Amino acid sequence: MKKMVVGIGVLLCLLLWFSSCGTRIDDAEQPAGTDLLEEEKELVEEGDNYIVVGISQVGSESDWRIACTESLKSTFTQENGYYLIFEDAQQKQENQLKTMRDFILQEVDYIILDPIVETGWDAVLKEAKDAGIPVILVDRQVKVSDESLYTAWVGSDFHSQGVKAGRWLENYLEEQGRGRDKIRIVTLQGTLNSTAQLGRTDGFASVMEEHDNWTMLARRDGDFTQTKGQEVMEDFLNTYPDIDVVVSENDNMTFGAIEAIEAAGKTCGPDGDIIILSFDAGRAALEAMAEGKINADFECNPNLGPEVSRIIQKLELGNQVEKFQYIRETYFDPTMDLESVIEVRTY
Amino acid sequence: MEDNAVLQMRNIHKSFPGVKALSGVDFTLRKGEIHALMGENGAGKSTLIKVLTGVYTKDEGHIYLDGHEKEVQIRSPQEAQKLGISPVYQEITLCPNLSVAENMYIGRTPGAMQNWRKMNKDADKLLKSLDIPAKATQQLSTCSLAVQQMIAIARAVDTDCKVLILDEPTSSLDEQEVEKLFKLMRDLRARGVGIIFVTHFLDQVYEVCDRITVMRDGCLVGEYEIKDLPRVQLVSKMLGKELDDLSDIHGEYKSYEKKEGELPVFEVEGLYSNAGIKPFDFHIDKGEVNGFTGLLGSGRSECVRAIFGADHVLGGKVKKNGKPVKISKPIDAMRQGIGYLPEDRKRDGIVGDLSVRDNIILAQQVLRGFLKPYSKAEADKIADEYIKLLNIKTASADTPIKSLSGGNQQKVILARWLLTHPEYLILDEPTRGIDVGTKVDIQKLVLKLASEGMSVTFISSEMDEMLRTCSRLIVMRDRKVVGELTGSDLNQTSIMSTIAGGDK
Amino acid sequence: MSKGFGSKMKNISDTNLLLTITIVVFFLMYIGAMLFLGEGFLKPQALFNILNANAALIILSCGMSIVMITGGIDISVGGVTALISMCCAVYLDKAGGSVAVSVLIALLIGLGFGLVQGFLVAYLEIQPFIVSLAGMFFARGMTTIVNTEPFNVANEAFVALKNTRIIVPGMGSVNRLGNYVDAYVEIGVIVALLIVILLFCVLKWTKLGRNFYAVGGNSQSALMLGINVKRTKFIAHLLCGILAGVGGFVYFLHVGSGSPSHASGAEMNAIASSIIGGTMLTGGVGNIIGTFFGVLSLSTIQNIVSSAGLDQAWWTGITVAAMLCLFLVIQSVVMAARKKGNVK
Amino acid sequence: MQTNETKKAGASSFLGRMVRKQVMIPLAALLLLFLFNLIVDPSFFKIELGYNSAGNPVLSGFLITILDSGSELAILAIGMTLVTAATGGQDISVGATTAIAGSVLLRVLCGTNSRPETLQAPIIVAFLVACVVAMLFGAFNGVLVAVFKIQPMIATLILYTAGRSIAAWINNNELPVVSDETLTYFGEFIPGIPIPTPFFIAVACMIVIGLVLKFTNLRLYTQAVGINENSSKLNGLNPVFIKILSFVILGLCVAVVGLIKVARISTINYSVIAKDIEMDAILAVALGGNALSGGKFNMTASIIGAYVIQCLTTTLYKFQVRSDALPAYKAIVVIVLVIVSAPVVREKFNAFMAKRKVKEAA
């Protein structure tokens, strides 16, 4: 037993010594030195040829997220000159922290982080900064004491989505000749206090302020889910018999709302009683639009990959980048050629 | 009484609900002797030992230690150990995953810390002094069974024991191991320890013991010096000569007439299994009742288990009506028309929670196959028929079998096999632990079945039963077939002398 | 060395044999990873990161090993950890409590689970699995009753403690900016190491520890040998509960947040670590050092799997289950082989 | 044994007679729950006929909810009862294997495209494939238990952890959505029939198992193996096979549950589908008065037990208990159940009753 304990100790020491040796060689500023093991040589070469990117993704909880992952993965390919290390954090900050530390240890060139929550990132971001690794945030934002801890953020401008929706409604009503009519609106809100909910609600509200004839009958939390959306919509229909517009802050709730409206014997869409505005513009929603059930859908673009890649290329050349980079987003309504849009839709 | 007695038990009574296990048993153990406690199953040996070691509390009687100055009450195994009474059981009651030294000292040294060095030193010293071939630091499971047994003894000895009880310590040891164990026992005897030795092996008794106490049916038969009791007499004392109303049931049934040229129903050549029996040959004719006899542990059950495929058969041939058949699992045997009533009713026979009806139809249902269950009505009819036929006393066919008495449980198992209409029925101790009336019923039934052409192998610890029912006896000793008796040889004397072997 | 190796193999105890297998497997795996995957494994900090991330698991696995050595099992540890994280987080963040009291809360919760489960298993002789399954569900349910949303703790004293780093001298490395970065471990690692050493000593050099082995080896025999089997089992579950308390707090200290989904699957990882570390499911065989290496092996293999490009989330679960299956088979094969050898 | 039995019967003859009818246990629990709801809020029993979005008549109300959502549990209880009876242990991987079965089903229905316009295979084919896969996983559990002699709960712990990951793996972690109406018939309503389809499926399963128990020896074999393995071996049974068979049957039940679960939402969520259902299924078996240590079983009681659990769940939901918090309440029920049925407790209780009787007599 005693021998064993000693043996373990010796082995552990050897392991640590060996590993620190490995790094010392690395540090000796002779990247292709003769002392290097073959494998290490390859690695160094690999490092030279490719830009090594580590991605810590939240998980794969929604279609949007999966599409986002897909976009990132298809951007950072070896053909495009990247070497990608991807880690799925399964909805846990704990895992993301661990992944980040592994990336720092591996000395990747860039870290792309889709943070699951807004807080608790100070320490690890500082470690990355100390290690000289730029961190690019995607989709969600973080709350940190020092904004210089990360290099850039790429994501959707939820506020502008809301504004876009407002403007679209404005135009649409004008075209319909209802510009002066009294318009009664209800909103199915997303999970309260989520970035998307806040942005979309505020954005739409900012347009509303300009129109005295628009009334917001009610705003209720639909939790971004279909079932909850349906429940809330049923309630709305019972309370307010004369709804003109439904603003639904994501597609899932929209589906619920459509069910509720149809169950109540009303119709919706361009030819229906109720105007429906939706956000996200997922494939299923566009199909529903093609069937004439949705008036307009405002895109929340998951194709973040190319934008992130652009930022990295700029950084590689030593250029400055903008801190907040909004992704280009559009909207869809039945006036467009929906079929061809649906065809190429990735999510 | 003797001055050098370390232990005296006087007039011990113990009964369990419905059974008188011990009635007025006396037992004396002297300093420095090896004392064999003999008797067939159910004689009361183990009850006596459990009373002595505090597992059971006696109903009546006195136990004295060190002469008769000191009467003691033994209420728990711990108390018994404190008084210097240490049992070593047949199944090793040590922990196989611990080291030898730990097994010797665990649970009986003071303090919260484990002093390995001291313990190993002490253990090595003790092992050496007892000449046990084991190292203190060895893991127990790496020792042979004999050594493990010895270590258990060493542990017992080290607790300053005066009375060492060895309950069938040799049943799983080979000859050399037994020899080692005996050497240790003799050493201990020389040190003045009184040893109670329970065994079924006669040779061993005569090799190592000084004195024998024989018990039968919960009563003391007598205490003898080893030199005063020849083997044959010992066997006859153990088996007793019970005379009851069955003296001549043979005549009631005509034995089956064997036709010319008829091959044996079953024939076995060189069969042996992983249960430790030596290869044996055996055959049985149509309508014949034969039996395996021998003391408990002689391998008689293992033989029939091998025939039935209940143990893992390692080699040998089985032929039915002259044609070879393959029997590797019980279901094979059943398909060939063999039925087997196992020795341990509770463990291998009854399915306790199931009703009498389900227990009766079980084997036949397995034979009929998965997709052909009896309907409720059929099952009821069959159950009622057999309950009536065998006179099973049960409240209804729905009663769980475990709430029946032993004899009635046995009849249910018997009914189970009769329902399969076997050509060959093996009954292993069908009469054990059941009342005399039922015993007679079962014996009569066996003869009736045989007269109808069924072949039956009947195993019993009771000689009389065997003599009454069997026309041929295969005698076993030490897991070997040592003789076969028929016709006029079928009498107590010859059986006993064959069982005893050695001196006649 | 080679001379008499066979006999040496025969004389080595089951516990030490399985321990050796574990350690050898771990070192082979780690060195293999260093050689072929390089990068992440080539700095000492890689090992320390594994320790940092798994300090809590080490502690939980220690408790699990003890229970398993006595022949029981406790699958509630993950749930208890989540409950502790949530309670402490709520207490620190919403009630503005002190760190010391939160440690106490953690220990009390662990103790509570240990007491109740130990009593039910040891004295009422209910299957440990059912008891701890109920314990697991109870703890998980309670966690969401305490608070449903995940949140980070902002309590300053706590965050300071969480960010405290213990520098390991001489193990640092120079990063690509040319700065020397110290190697460090978190406080939880120190706690875990202390517990490993402490429990190793308890199992090796105290009567209590040896009783655990005896009860697990053969509880009937242990009773005959004069050991209070019920009390021993009770203490084992109690210890496991307390260790779940400590482990729960260390986990909380590492993640710094409360969430109902915290430590999901931790019970499985703890069981897997124990088994990989050479603890037998059947009881009586096992070693805390082995458990320690079991945890390291498990997370190393997970790192290897993700470094090797199997980046999808499901691989983690499948890897753990596969490792568990593999080691169960190794155990049964090795043990069967030994038994065969002994009988002859 | 015998005397013990009679003593018990004597000690509480009335109670004994009541309890002896095993079906009484879950029925009494059900009654208790109904009574509670009747007193607190009789609207629990209200059943309404309404029309759903497709304009079909549907029944709604808490009782319908119980019948509807209890279906999965009732089906699983069937398999779980058999596994419990044969092995004396429980399968805790049913939730995870349900995820696998559902995933396979969707994979076959959707092919390589996660959003197919039309089904890539008939539902029946997909269901059969799911059945085969679920049965294979059941057999895997069974082999670990029967051949390698690992305790059932530990053996199934492997799939309990890996199952949901495997399910995600089968579909490449995509969340396929089936737009075909027919699939929803299995999880919701068939047009024109106001009673939810899962209830019919559950009834069909009950009828099937009823017929199987009537026309095969499954009950006898399983019970014999569960009560006395030695004896059943000597009676020609193959305990290994019977145990694996019980796990395979459970696998079949799991596949059916997977179909219902997937049909309910036309898609799958790997980490949530059939979550914590293993606990409920075990609870159903226990509530049915079946010994968790195996042996005799009463299928009817188990199934009623399942509906009791669902009734409890629905009642708790009605009182605004969050679904995440439910396990805590159920865990308490489990603990109370196992304590009451623990042999040690029973012995003590009987001794206590006997003492009291002696006192009364004196």
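Letters A, B, C and D mark the chains as written, and numbering starts fresh at 1 in each.
Keep this in mind: a contact is a pair of C-beta atoms (placed from the backbone, for glycine too) under 8 Å apart; a residue touches a chain by one contact, two chains touch by 3 or more.
Just so you know, these numbers come straight off a predicted model, no measurement behind them.
Visitor: If you take the mean of the Cα atoms for each chain, which one ends up farthest from chain A?
Guide: Between chain A and every other chain, the largest centroid distance is to B.
Visitor: If you tally contacting C-beta pairs, which pair wins, A-D or B-D?
Guide: Higher contact count goes to B-D.
Visitor: Between chain A and chain D, what's the gap in Å when you average each chain's C-alpha atoms?
Guide: Centre-to-centre distance between chain A and chain D: 40 Å.
Visitor: Just give me the whole-number Å value for how far the CA centre of chain A lies from that of chain B.
Guide: 76
Visitor: What's the distance between the Cα centroids of chain B and chain D, rounded to whole Å?
Guide: Centres of chain B and chain D (C-alpha means) sit 45 Å apart.
Visitor: Taking the mean of the CA coordinates per chain, how far is chain A from chain C in Å?
Guide: Chain centres of chain A and chain C, defined by C-alpha means, are spaced 36 Å apart.
Visitor: Residues touching two or more other chains, restricted to chain D: which are they?
Guide: Counting only residues that touch two or more other chains, chain D contributes 168, 173.
Visitor: Which residues belonging to chain A are in contact with no fewer than two other chains?
Guide: If we look for residues of chain A contacting two or more partner chains, we find 60.
Visitor: Send over the residues of chain B in touch with two or more other chains.
Guide: Residues: none.
Visitor: Please list each pair of chains that are touching.
Guide: So the chains that touch one another pair up as A-C, A-D, B-C, B-D, C-D.
Visitor: Tell me, which parts of chain D touch chain C in their complex?
Guide: It comes out as residues 89, 92, 148, 150-151, 153-154, 157-162, 164-166, 168-169, 173, 276, 279, 282, 292-293, 322, 324-332, 334-335, 338-339, 342-345.
Visitor: For chain D, which residues count as touching chain A in their complex?
Guide: Contact set of chain D toward chain A: 51-53, 115, 168, 173-175, 177.
Visitor: So in the complex, the part of chain A that touches chain C is made up of which residues?
Guide: For this pair, the touching residues of chain A are 1, 4-5, 8, 11, 15-16, 18-20, 22-24, 26-27, 37, 39-40, 43, 59-60, 85-88, 90-94, 97-98, 101-102, 105-107, 117, 119-120, 123, 130-132.
Visitor: Which residues, counting only chain B, touch chain D once they are in their complex?
Guide: Going by the criterion above, the answer is residues 17-18, 308, 310, 329-331, 334, 340, 342, 347-354, 358, 361-363, 365-373, 402-405, 416.
Visitor: Mind pulling up the chain C residues that touch chain A in the complex?
Guide: 16, 19-20, 23, 27, 30-31, 34-36, 38-47, 49, 52-53, 150-152, 154, 163, 170-171, 173-177, 179, 181, 204, 254-257, 259, 261-262, 289, 303, 306-307, 311-313, 316
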